[in-house]
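Both complexes below contain chain A, partnered by chain B and then by chain C.
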Partner chain A sequence: MKFWIGIAITLAITLATVAFVNFDYFFFAGYTVLMFVMLATAWNILGGYAGYVNFGTPAFFGLGAYTAAVLYKATAAPLVVQIAAAAVMSGLLGLVAGLLTLRLRGIFFAIATIALVVIVETVFINWRYAGGATGLQLLRPALMWPFESYIKMLFLVMAIMVLASIALARYIERSWFGRGLRALRDSEEAAECSGVPTLRLKVFACTVSGALMGACGAPMPMYLSFIEPASTFNLNYAIGALASPMIGGTAHWLGPVIGALLLSSLQQLVTVTISNEMNVLVVGVLLVVFVVAAPDGILGLFKRFVSRK
Partner chain B sequence: MNSILQIQNVSKSFGGFTALNGVSLDIAEGERFGLIGPNGSGKTTLINCVAGSLRNEAGRIVFQGKEVTRLPAYRRTRLGIARSFQIPRPFSSMTVLENLMVPLEYVIHFNAKKSHAEAMEILGRIGLADKAQTQSNRLSQVELRKLELARAMAARPRLLISDEAMAGLSGSEVDEVLKILFDLNSSGITIIMIEHIMQAVMRFSQRVVCLDAGRIICEGVPAEIVKNPEVQKAYLGV
Partner chain C sequence: MALDLLLEAVLFGILLGCFYAAVSMGLSVSFGLLDVPHVAHPAIMVLGAYCTWLLGTWGFDPIIAGVVLTVPFFLLGMLIYRFYYEAFERRGSDAGVRGIAFFFGVALIIEVGLILAFGVDQRMVEAPYIGKSINIGWDIRLPMRTLTVFAVALAMSAVLTLYMSKTFTGRAIKAVAQDEAALRLMGADPVRIKQWAFGIATAAAALGGAMLIIIGPVDPGLDRVYIGRTFAVVVLAGLGSMTGTIAAGLVLGISESIVLIHPSLGASWAPAVSFTLLLLVLGVRPQGLFGR
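Right after this comes the complex of A and B.
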């Protein structure tokens, strides 16, 4: 109940912000922060709950973005349809990639997911209709009432998707499904012997995680009015999606949210005040510090602090 | 004799090393069966093949008249084969109670409320009720062994394989675990016990088989086994 009140309050604040703040840069930067919250939440379903470290975020995110762009170019479909299609495509990618790679464990799975990014990117580099290596310029459609700025609308759409994915992640975490994922993270063999169909659970987690990442990528072409492979399949998405849960804590849905809010806000700040290159350094340093000093993330530190009292 | 588990000519090798070489066994419904053998003789490999953690290359495994040789481990658990692990493998991020919820939710109830009730009931029976909310990585050795058995019991098995559930326990703790196993057996569960503590196996088992280098070297009631010269040779090297 508390959770849903929290969701409602957050939504109300977002709506109020969209209605009363008239500063486009805020929404432009805020969109990126929200996007990383969603990516981190999606990543955590497979990477955190099941413990399968996935470097393939750009593949799912990029496929979602390209699905939206191509669909828009071909049919001028509205954003909602683009998002749905992106989620389906990236979910399918998760399903197929999961079936092929989730029999691998540990580092081997991680390497396979990096290969996935290269494969999907190569497809789009060589697809002329989708713009090939040079990219695709897209004209935003006319504004819809009651929005007076397109970026505000995208911000609101992203905020709603973030809240929905948090609710989904929380539901998974607390259900028998989440318990099964945690069991297989702790010991895959013991989980199997307790009746948990580990492969099926992992593939399903990979599908859900991939679908969310795809949906998250769908508004990207409209956000930039442009899409091209090198930045769409950028490994920074993988690092951001992975670093945020590590910093916030992987065991709880709140972990990736806290981690991503902190990390991406900091990155935005560094990008504006120092330089674009420095923001990558921030991620690296924070990640090393947390992995060494607080392997359970901020939530883990908080828990230890509370239990010591 | 109504057999619950038939192991027919099972072989398994790891690279060039033959861990099991044509092992055949027939285990009766309700039997208390002891499996002994020196280290590296293939005991754990054999039960890994039975539980589905490993696939045997040759031979068949039939459980309650149904061939399970190709089934994944979770399907075998659902059919009624449960095991404990030699080195305890608790779900260490979970509490003791949640550890039991996993098999209950995935095999029996598919429902959290009923699973919770039954988990508490099992913990009571096995003497871990006061530890229900303890994180499972904080348990003592004997508690971990009990948790292994409790989690195996939670899947309501017809056949329970106990892999060295008593290793490293003190005399009175061994008696405690033995009593749990006797109770389970008298409720109709067939039990395969793998054990190095001879006194425990001999007291518990109705029939004992000794493995050495992947083969069965002898089979009989406990009194015969200890007198068997091949067993003495395998164990003592004389």
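Right after this comes the complex of A and C.
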């Protein structure tokens, strides 16, 4: 119950922000932060609960973005339809990837997901209709009432998607899916022997995680009014999606949220005040420090602090 | 496709393949034999390439620079492994996810460090054999730089293969990969041997970096391309097999250069080759072509 009140309050605050703040840069930056919260939450379903490191975030995210862009170019479909289609396509990619990599574990799975990124990217580089290597310019559709700026609408859409994916992640964490995933993270053999359908659970986690990443990518072409392969399939999405849960804590749905809010806000700050390279360095250093010194992330530190008192 | 074109592609592929095998040798030791998820291997290679470039500005020949660099990189590798061991392997639990994330972070730090120090521009070296080519008949011209790298790669692979199979330490490294507990019972310290092996792997990466910058210009982000290629070679080889690494490098090199020359595919499809190969091997035959 407390959780749903929290969601409602967050939604109310977001609505109030959209209604009363008139500072476009805030929404530009805020959109990116929210996007990384969603990516981190999606990543954590497979990476945190099940312990499978996924470097393939850009593949799912990019496929979602391209699905939306191509659909928009072909039929001028509304944003909601684009998002749904993107989620379906990336979910399918997750399903196929999950089936293909059923027997792979640890680093082998991670490497296979890198392969996925390059293969999907190469397909879009060579697909002329989707703009090829040079990219595709997109005109935003006319504004819908009651929004007075397009970026505000995208911000609100992203905020709603973030809240929905957090609710989904929390549901998965608490249902038998989550328990099964945790069991297979701790020991795949033991889980299998106790009757946990490990393979099915893994494919399920792959699919859900992929679909969320795809939905997250769908508004991206509209956000930039442009789409091109090199930045859409950039490894930086993988870095953000992986580093945030590692920093926040992977065991709880709150971990990736805290990690992503902290990390992306810091990144936005560093990008504006120092330089774009420094922000990647910040991620790298934080990632190494947390992985070595605080294996359970900020949440773990917090728990240790509380229990010591 | 015309036959002479195919011949040329295969020839290029062999040269390229030996280069791929050489840059994967280090990973074949660190990941293949020691089971360390060393995603930062290509980043260390690029670091080696930049050091080669730096030495080149002082007048060193890139190959000599690469050989000189193996010493500090060997020490660096021992240091990295020691740190990894203390932070992850010793604590035991859950080294998988965090180990991968750790090396991923290290790769990022190296990449951005290079950008901050040298900028994002491409760097290249100068040497008498760079920029020339020789005609080997039938109108096929081979660039000297590729031939030089080919020779260095062959020499390095031969030395490493001999070292691993003939010397005492080399065999000890293979033993630690097979059964660590048994090695401990024989009175040897597996951690020290692994540290030594990781040093060798990193030294090989330094020499690989020198080859990287001989074969073409290098920029800090190049490691991202080579993550796929090197892991593809090592997995294709069957983890830790040295002769397998050479064969796998050749397979990758030849298939990539055929795609490159193929009229309807061309350069834009070439990067996908290594990864498709990798996915196929992982999906169909995870123990690799020459695996145990």
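Everything below uses one rule, namely that the second predicted complex is superposed on the first by the 309 of 309 C-alpha atoms of A that agree within 3 Å, B and C clash if a C-alpha of one lies under 4 Å from a C-alpha of the other, contacts with A are read in each partner's own complex, and residues count from 1 in each chain.
In the analysis below, a residue touches a chain if its C-beta (ideal position, glycine included) is under 8 Å from a C-beta of that chain, and two chains touch if they have at least 3 such contacts.
What you are looking at is a predicted structure, and each value in this text was computed from that prediction instead of being measured.
Undergrad: Taking chain A as the common reference for superposition, should the pair chain B and chain C be classed as clashing or as fitting?
TA: Once chain A is superposed (C-alpha atoms), there is room for both chain B and chain C without a clash.
Undergrad: If you stack the two complexes on chain A, which partner ends up touching A:Val53: first (chain B), second (chain C), both, or neither?
TA: Second partner only.
Undergrad: If we overlay the two complexes on their shared chain A, which of chain B and chain C does A:Glu277 touch? Say first, second, both or neither.
TA: second
Undergrad: Applying the document's definition of touch, where does A:Val196 land relative to chain B and chain C: first, second, both, or neither?
TA: A:Val196 sits against chain B, while chain C stays out of touch.
Undergrad: Tell me the contact category for A:Ile107 with respect to chain B and chain C: first, second, both or neither.
TA: Second partner only, chain C.
Undergrad: Return the chain, chain B or chain C, that is in touch with more residues of chain A.
TA: Of the two chains, more chain A residues are contacted by C.
Undergrad: After the superposition on A, what does A:Val291 contact: first (chain B), second (chain C), both or neither?
TA: The second partner, chain C, only.
Undergrad: Once the structures are superposed on A, label A:Ala251 by its partner contacts, choosing first (chain B), second (chain C), both or neither.
TA: In the superposition, A:Ala251 touches chain B alone.
Undergrad: So, A:Phe305: does it touch chain B (first), chain C (second), both, or neither?
TA: Touch status of A:Phe305: no partner.
Undergrad: Considering only touches as defined above, state whether A:Arg182 meets chain B (first), chain C (second), both or neither.
TA: A:Arg182: touches chain B, not chain C.
Undergrad: Closest pair of CA atoms, one in chain B and one in chain C, after superposing: how far apart in Å?
TA: Chain B and chain C, overlaid via chain A, are at closest 7 Å apart by C-alpha.
Undergrad: So chain A touches chain B in one structure and chain C in the other; where do those two contact lists coincide?
TA: none
Undergrad: Would you pull the chain A residues touching chain C in the complex into a rising list?
TA: 47, 51, 53, 55, 100-101, 103-104, 106-108, 110-112, 114-116, 118-119, 122-123, 125-126, 133, 235, 239, 242-243, 246, 250, 277-278, 280-281, 283-285, 287-288, 291-292, 295
Undergrad: Which residues of chain B touch chain A in the complex?
TA: My answer: residues 51-53, 72-74, 77-78, 82-83, 85, 89-94, 98, 101-103, 105-107, 110, 112, 151-152, 154-155.
Undergrad: Across the complex, what residues on chain C touch chain A?
TA: Going through chain C, the ones touching chain A are 31, 37, 39, 87, 94, 96-98, 100-102, 104-109, 111-113, 115-116, 224, 227-228, 231-232, 235, 268-269, 271-272, 275-276, 278-279, 282-283, 286.
Undergrad: Taking the complex as given, what residues does chain A use to touch chain B?
TA: 176, 179-180, 182-183, 185-187, 189-199, 251
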